[in-house]
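Okay, got some structures for you below.
What follows is a pair of complexes built around subunit A, which joins subunit B in one and subunit C in the other.
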Partner chain A sequence: MVDFQIPEWLLQSQGPLLPPTGTKKARRSFAEKSIGAFSGFIMDDFYAERTAVKNGLMQGLHPGIKVATSLLLIVVAVSMHNWVSLLLINLYVLLLAYMSKVPLGSFLKRVWVFIPIFTLIIVLPTLFNVVRPGDPLLVLLQYGNHQLTITRQGVQGAVVFTLRVAACVSIVVLLTLTTRWAYLLRGFSIVRVPTLFINILEMTYRYIYVLLKSASDMFESRLSRTVGRTNTKEQQKFVGNSMGALWTIAFALSDEVHAAMLSRGYDGTPRTLTNPRIRALDWVWTVLIILISIILIGGDRLVW
Partner chain B sequence: MSGDEIIFELKDVNFNYPSGERALEGINLTINKGEKVALLGANGSGKSTLLKLLNGLLFTKEGTLEALGQVLSEQSLANEEFSHAFRRRVGFVFQNSDAQLFNSNVFEEIAFGPVQLGWPAAEVNRVVDEVIAMMGLERFRQRPPFRLSGGEKRLVALACVLSLNPDVLLMDEPTSGLDPRTQRKLIRLIQQLNEAGKTIILATHNLEIVEEIADRALVFSEDHRLVSMGSCEEVLRNVELLIKVNLVDEEFHLHPHANQILIHAHDGEKRPSLSLKKTSPLMP
Partner chain C sequence: MHIPDGYLSPVTCVIGYAIMIPFWATAVKRVKAALNTKLIPLMVIGAAFSFVLMMFNVPIPGGTTAHAVGSGVLAVILGPWAACICTSIALAIQALLFGDGGITTFGFNCFNMAMVIPFVTIWIYNAFAGKSEVTSPKRWIWAAIGSYIGINVAAACNGTELGLQPVFWHTAAGVPLYAPYPITVSLPAMLIAHLLMAGPVEAIVAGLVTRYFQVTNPSIIAEQLASRVAPVKAAFNKMWYVVIALIVLVPLGLLAPGGAFGEGAASDLKSALGFVPAGFAALSGHWHALLDDYGVPNTPYAGTAPNLLGQSIGYYVAAVVGIAIIAGVTFLITRLIAAREAREEAKKSAT
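Let's look at the complex of A and B:
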């Protein structure tokens, strides 16, 4: 056996570990906090399907009926033009969430954290008279006969658009929160969503967890090797590099996960332990949703 | 334990990865019903690839592979009836348990296979309950698999495959990373399953346990060829071969004694000795 030529410094001891002194606290980095919060959410909330197993209103419905009626509600939301009817449909979905024992705080957060960000970017230009002429609501700039104003029509359009997006997102979030993943895929299958699309969803779901675990491991191993503080720029660089490395790992893992599914008989058809049956409640629900849709559309076009 | 019924028959099988890299070269092999076979070889020698070929997850373009008397190909597995029948009979425990465990709790994880094969719910529940009881996994029943330790994950991964009651069990490095007690438990289970007539094929480079979990050893070289096969005792005695295929280094020696084989180092106190107890009869 050939001995290693160990450099001198590697043979030195670090000396005894002294008790902590001073008041400087070790802060968790943004990368650490983000990955911790994200994996916590995915593992505990998403995978544990906590809300989906509760004994609430929508959890008891047939998945096919639930997917079909959710689609109907989305069509209704998209075809409405009045902010009153859109507000009503948002409140109605909120009521359904409450009756399905969905924690309202986290439900609202999920819907309203992203919507302002994305819709605001889209509707921002339409607020101004230069893009969409209308009655001035607020004059921002005046130069001779020319002025830059926020218009009443622009604000109305923005409110309607935001409420419409919020209604659609709420319906989808409610559907996914109250339906176990396997049954949701069954629901898609029942309403004739193409198998290829379902397969992709199925794989993505199985796979996010494995990928996230790799990401957590990578961050943990970095944490164990981090001595002292790193600045935000360094952390951003690390996150960027990690994404590249994860992409490579992800590619290899997707094969492995798919093989493990095939090996246990998965053939692309979503199957569940129990076959959901359409019960009286499902018919009552369907009739109710159709009635509400008619009222909302009618109100939108004729009353409000 | 071996009978005459052929489980796998490979003739001149070559396998290349899509990148063109060779993974297996000229494999000729027959595995009979009820055998316990260990695939030995260094990392990257092709053991895992062979297991995936045997499980119909990869397909060879050169040579023929027959499983349970039928040609195993992409076309044959595209047939739903055949595919279900094959998956039911041949189970595969992956090396990476994390890739195999993807359901929201242990119960559903073990039920995944039977559900995919369309078994009635009552039957699935009964089978899963019995497997959970057999493996001592009751307290993990409702726990998400990612909350389990490495050893527990491995047991659940095995339970997932056993719920299908396969006739053939393929295992990739089943004991790697396990603590001694879990390893012992797993070895005993493999032995019992084999005694019940199941064919066991496993890949390992843990020579310490080979004699306990296999009757026959197949040795793969680093250039992806099957270079030797024989009883575990014969193979383990052939130190020259083991060195050549990078399974042991020059400082390890085998010392057969009355009831055990010792593998240990001769370079002073730096290396621990490994003791292999013979608990199963050797193949002639």
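Let's look at the complex of A and C:
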């Protein structure tokens, strides 16, 4: 009889296989990043859909009116030059978000993370007198006749610019968080966006999901088959090939969609369901927003 | 490359739309003539593809990744007009859903990414590789070079758009109101980033995807699907006249009034219009004083002080009352909407 012995290492119990932990975060590969980006889109979109069906202020308004008044507010924000009025419009949008039952923490995160913070970083150098001379507000360094100061004009410019960008971003974020995508797009017909474009946008949104799923599958299958290291050239080739493959799939799909549309009697003219009715409250809202715009612009130009 | 809202002044944004609207119209006309009922499905899928393409992480040396715009390679597959429509739609979804790129700046974002990139790419590609064999390496090489040049021309446009802002729109004291850096900073900054980083990524994507089709499905690049038609020549030419006229008129129009838009003093208006509107003349006393104050807050209020102060206080009071009313009405509308929804809910459950 053969002396059969189980090797030592096989008898040791092993914990579950987890990604390496430690102080240093493992860098994600291009495939993981892409999959993350794809699922991030779907997550964001579901989140928006959830807040859009809540029973709040903005959700109850007519989508067209909401689009038009949001655009008006954006134009107002872009036209304003003073930090006081810009701060006020930021606060007003926050109030609207609160009234629309959008969780404020995540709203602020969505608005501020990235675009306004990025804006703040790029305007940072203009604070200093070496980049743009101005009246000193705070002297940082003094060496003989040379000073490094933060200038009043620099601070003024940076604050105005960042607040304006934040105001615009928050208006758009609020609009998308409180309106279901289909209604949002139809709302744009109130500002004379052609039905053709709205139709294309509506359908595109649907097919983005289909293509995202295909792309995500490609990266997942690639990731699950990758054991060793790959070099940049191989990775790039994979990305290039998957883009090409994705187009091949997409193109075949467009033929199928076309056939399906024809079979349902499509003749080249876009048709949509009727929009929800505009009610008295929507007009009250419109007047309110116009008043606010006048007050803000008036204050911006005349007083503050 | 995406310019957010607030970086460009309102006038600039209007110009962006003014350039793009005739362009979009021509693009739709041309592509529709080629595709008819197939227009919508192909543009839809093209736009969805363009959107997903922009989300791909392309590996670059050093272990990091970058995103490509992909409108250059889309032009190689679909022709430039269709690429323009698809990329514009993808940019619209990005702007609306992610706040990535602005609403007011949408015109110029499309100009840079949906017009400049595809057209520059396709001009170069057609000029140098248009007549070569479908499987010739010339094709993918020139698709890559075209995309590289295309994105850099777009970056130069982008840098110029941003760089002109502080020239035209600043306070009296010279504090820029929109994108703060002059063209001497913004243009090199954009170009360096795109010559070294984004440009090569774009070129790699265009080259590899074109190569992929040459190997697997050469018919796709043989046709430039959406452009297989006799060109709509008249419309095309007319549109270029409009664009050229705009380009010529815009700097003239902007330079003429001598001041920032919407901030003109009565004297500026008089020189521009030849007269001062009555309402403006009536307002012009404190309007002008306040504008001076607004530009150079350090200036002592001097003689105008009591009058100015009085008016300011009056306005502040009005503003506070106004804000209180606004807040009140906002709350009221919220309550009414909630009540209405509750009623409808009740009605629904009753039936």
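Criterion: the second predicted complex is superposed on the first by the 165 of 304 C-alpha atoms of A that agree within 3 Å, B and C clash if a C-alpha of one lies under 4 Å from a C-alpha of the other, contacts with A are read in each partner's own complex, and residues count from 1 in each chain.
What we mean here is this: a contact is a pair of C-beta atoms (placed from the backbone, for glycine too) under 8 Å apart; a residue touches a chain by one contact, two chains touch by 3 or more.
All figures in this text were calculated on a predicted structure; none of them were measured in a lab.
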Which partner, subunit B or subunit C, touches the larger number of subunit A residues?
C
Now for A:253: first (subunit B), second (subunit C), both, or neither, which partner does it touch?
both
What is the contact status of A:153 with respect to subunit B (first) and subunit C (second): first, second, both, or neither?
second
Classify the contacts of A:267 with the two partner chains as first (subunit B alone), second (subunit C alone), both, or neither.
both
Looking at A:49, would you say it contacts subunit B, subunit C, both, or neither? Reply first, second, both or neither.
first
Examine A:284 and indicate which partner it touches, taking first as subunit B and second as subunit C; both and neither are also allowed.
second
Does subunit B (first) or subunit C (second) touch A:78, or do both, or does neither?
second
Give one of first, second, both or neither to describe whether A:220 is in contact with subunit B, with subunit C, with both, or with none.
neither
Would you tell me the residues on subunit A in contact with subunit B in one complex that are also in contact with subunit C in the other?
48, 181, 205, 207, 210, 253, 257, 261-262, 266-267
Residue positions on subunit A within touch of subunit B in the complex are 1, 43, 47-49, 180-181, 205-207, 209-210, 213, 253, 256-257, 259-267, 271-275
Which subunit A residues qualify as touching subunit C in the complex?
27, 30-31, 33-34, 37-38, 41, 44-45, 48, 55-57, 59-61, 71, 74-75, 77-79, 81-82, 88, 92, 95-96, 99, 110-111, 115, 119, 123, 126, 134-135, 153, 156-158, 160-161, 164-165, 167-169, 172-173, 176, 181, 184, 196-197, 199-201, 203-205, 207-208, 210-212, 215, 232, 235-237, 239-248, 250-251, 253-255, 257-258, 261-262, 266-268, 270, 281, 284-285, 288, 291-292, 295, 298-299, 301-303
Taking the touch rule as given, give the residues of subunit C at its contact with subunit A in the complex, in rising order.
4-7, 9-10, 13, 28, 36-49, 51-53, 55-61, 63, 65, 70, 73, 77, 85, 89-90, 92-93, 95-99, 102-104, 171, 173-181, 204-205, 207-209, 211-213, 216-217, 220, 262-263, 286-287, 290, 294, 298, 312, 315-316, 319, 322-323, 326-327, 329-331, 333-334, 336-338, 340-342
Would you tell me which residues of subunit B are touching subunit A in their complex?
52, 55-57, 80, 83-84, 87-88, 91-92, 94, 96, 98-100, 102, 104, 108, 111-113, 115-118, 121, 124-125, 144, 146, 160-161, 164, 251, 267, 270
